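Note that subunit A is present in both complexes that follow, paired respectively with subunit B and with subunit C.
So, the complex of A and B:
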């Protein structure tokens, strides 16, 4: 059978677009090694001084620490809450399972900036604003839909008879879940967790309304320092993030065939 | 325990968290949007006014911002569609050996921190940025082009940010399409262009629609990229909401604008799902 392969011009355009997608990444990496405070092509001189500046700056170090704690904590909580809910919803024993599912995914539909201002007002009025726990809960709200979505997708491909077999052989509900269901939905779980982690790590619109100066996260720090003008330290910290993202993506791809879940 | 009871037990923790930290905060914005605001004093408790909503539709400045947001949404969607289709086509119909590598090239920018990507565009587009430097060096321009703090900058930046979403949606649509339909049309003597316009494009329409909706909704609600590339003077709805809450402390006006943004988003999603359902009924 003949299939229509892309013509040469389509291929050329597609490759150009793919190159366009990588340009800002390459530019940031180049800028981080540049001697001058603004980047020229070709770059003038190579230096590591911006990396040194960033990695010895307590403000940056604290922001990195805050971001990691926040992302780990909110992803972990979202995983527990999301997997439990998805497991119950996929069986459709509850009245209105569909409606509950769309309700639980609805934080994805509301613009983040609106979620941010709603939480700002609410947590200011209730007096909880400024507590780190509030930030974690806020991040659970914005990350849990991703986990719910990918776990539900994995569960829908699950053969229920495997679970029944385990039950017949005498395993109780939790043992069945732990030893049979969980390994089977692992790819979806990993993909969902990764999306949740990345979403938390890059969130600005919600965090910026809730975080106190001490709780500043890395993206907030970059976001606000850019308002002061282009600074190669930002390029250095950005390059570190680019490398970390690339590594995580490659590991996830090896581990679970991640691209199928994107 | 009955299956239904244990199911409730599993769902309720998440339902509780979302109610307390998402639904209630959102609902509490409603009364705020009807409060009067006095500069220097803040919200007037117990007051009721429609002024905050009326302003969005009558005040020239607000109208300009709303209109700009919508124009931006449509333009970015069209750009993403035009740039995304060839990429999706290459991924699905090209050499299968390249598929994984090409897909990863699409996903990588998507996974990358939003502020980093926007910062990359600042390095490129600012007055002393790479693009302007390059053009000046080869003598094409004498004074730097204004590529930031205007529509150009936002269009470039936002199209770049949301292109991966469009590509992934189109890839899914192209994969779901039965291949032999194209082959059949082609073997019956249809030209390549004709096959594309009369077979491929209509069959991938659901993907085109859902990708467009996604990009449009994301674009009109974007805060980070518009602020970083547009600055404090070139506002869109999301950045204006941000400023009303953080700089002007005019919460009533900010929350009215928030609801305007939410209803625009919901209207688009609702309208499109009706449209797709109608089409599915016809098919």
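So, the complex of A and C:
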């Protein structure tokens, strides 16, 4: 069959592109096992000492803790706000839904550095700069768009009469949302939450303007460690991040099949 | 179970009145249809009864309870949607049990009544399936089971059969009629399909332009329409205009349609509505028949449709069984159309 040849070449190209994109990840993972005190490929010998170094370094541990708290808090707040906003925008509770949607999604379009500078000025002016709450608020602003977008996408596939049916069968507004609407938008919700979480976990440009030394997050720490001279502990912490992200994605996909809404 | 009463119910959007003062009562266990073209306000009435839309005026009573401003969940109604609106993430059993669970019934009672409802719609054994695994007809039957399981006071149908294909629709019509008469639930049925409305209902309300034009038994709607809209909307009757003379309609050119409309004064401008099946075609002159020429003939299997042009230029459509002698007529031939005065509906022309 002649049609097999183009298919094969397409497959080959796809594999090449994939490899090109994934090689840096592989490099980081391999480098993290090197016994040398500098990054090198292929790794010289195999050791877990860099993992040990990272996981026993209080600076790293505090940064991981900061990042996790920040990501969890901002994702949770974004979920509540994002779902509520998406639902109201979808039901057209207010006039000008399109304009409001664009406005809420704009942090995705505006360069992050600009958002960072703007927030710095704003929080300095209002005198709230330095508080951890400021970081959370900033991260909510940059993560809400992901949740809004994916929840709006799954709402658009929702038949409104399904909610009406629930109301007619005796469910009040909240019960209807809990038993009917929420389960139906769950895939979009999970996808949005994952993106929000990952976005918060890896954000540098906004965080760097707002975080004090004590509030340093993991990506900022990695960023500054690289500046001061690279050793494989950076590769080790990066590898841990990669593995954690992959695991979360895998579990979420199994749970909801969310990829349809990403 | 209880009766449903609407008193002067109005729905306005800005300055547009979509429903203009609907007043009617559906007796306990009665099946009433609202029939009309799209945009006539029939679905708006249904949604106001369900509590999904708030009326701009008037009141709605279920039994003796005023429900005009109550949300849907406080009305004890069952609604079957055109789109079925099943919960896609729940099994058939959970769909049907939804209303019962909201009423906090005992689990054993819920199981019993869900199975009972599924049996009624002939879907026993489908409880563990998901809606997506069912055909359209089966989904609509689940929707019916879901609506009847909590034993609503009033059952509402919003064009429930229009998403089904023709053969399935006929089958579901019978099913629906059987179900409704078994349960004897007060029912309001909204449709644009007149055959559906006429065959299912105890009474039919024909709606146009936000107004219920006539609410009557199907036979009365068909044979004794109160106005030109109802007369021309139901069936596809021939419509000719003329002037009243001695209870008959003078079309001019020596053509007179004999009718029993003595109540209309001589000289009144009027219209006659003549059902296609009420005309008898003859190829020889008959006393009192209308003379005309066959202009078109089309064969559709059981019937042959003839278009007959009268001397005045007016055209009448006649249905003839294809086995009848008249079915062999061809365009150009002269025919005489006989009809019984009783079968002629004459209405004064509306200004």
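Everything that follows uses one rule, which is that the second predicted complex is superposed on the first by the 249 of 262 C-alpha atoms of A that agree within 3 Å, B and C clash if a C-alpha of one lies under 4 Å from a C-alpha of the other, contacts with A are read in each partner's own complex, and residues count from 1 in each chain.
Assume a contact is a pair of C-beta atoms (placed from the backbone, for glycine too) under 8 Å apart; a residue touches a chain by one contact, two chains touch by 3 or more.
Since the structure is predicted, the reported quantities are computational estimates derived from the model, not experimental observations.
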| item | value |
| --- | --- |
| Partner chain in contact with A:93 - subunit B first, subunit C second, else both or neither | first |
| First (subunit B), second (subunit C), both or neither touched by A:24 | first |
| Dominant toucher of subunit A (residue count), subunit B or subunit C | B |
| Touched partner set for A:251, first subunit B, second subunit C, both or neither | neither |
| Partner chain in contact with A:219 - subunit B first, subunit C second, else both or neither | first |
| Touching partner for A:115 - first (subunit B), second (subunit C), both, neither | first |
| Contacts of A:172 with subunit B and subunit C, given as first, second, both or neither | second |
| Residues of subunit A at both interfaces, subunit B in one complex, subunit C in the other | 173 |
| Of all residues in subunit A, those that touch subunit C in their complex | 159, 161-162, 164-173, 175, 179-180, 183-184 |
| Residues on subunit C engaged by subunit A in the complex (per definition of touch) | 50-52, 71-73, 75-79, 81, 83, 85-89, 98-99, 102-103, 143, 146-147, 150 |
| Contact set on subunit B toward subunit A in their complex | 3-4, 6-11, 13-15, 17-18, 21-22, 24-26, 28-29, 32, 83-84, 86-87, 89-90, 93-94, 100, 102-124, 126, 128-130, 133-134, 160, 163-164, 168, 179-180, 182-183, 186-187, 192, 195, 217, 220-221, 223-224, 227-228, 232, 238, 241-242, 245-246, 251, 254-255, 258, 261-262, 265-266, 269 |
| Subunit A - residues contacting subunit B, complex | 1-7, 10-11, 13-15, 17-18, 20-25, 27-28, 31, 38-41, 81-82, 84-85, 87-89, 91, 93-94, 100, 103-104, 106-107, 109-115, 117-123, 125, 137-138, 140-141, 144, 173, 198, 201-202, 204-205, 208-209, 218-219, 222-223, 226-227, 230, 234-235, 238, 241-242, 245-246, 248-249, 253, 258-259, 262 |
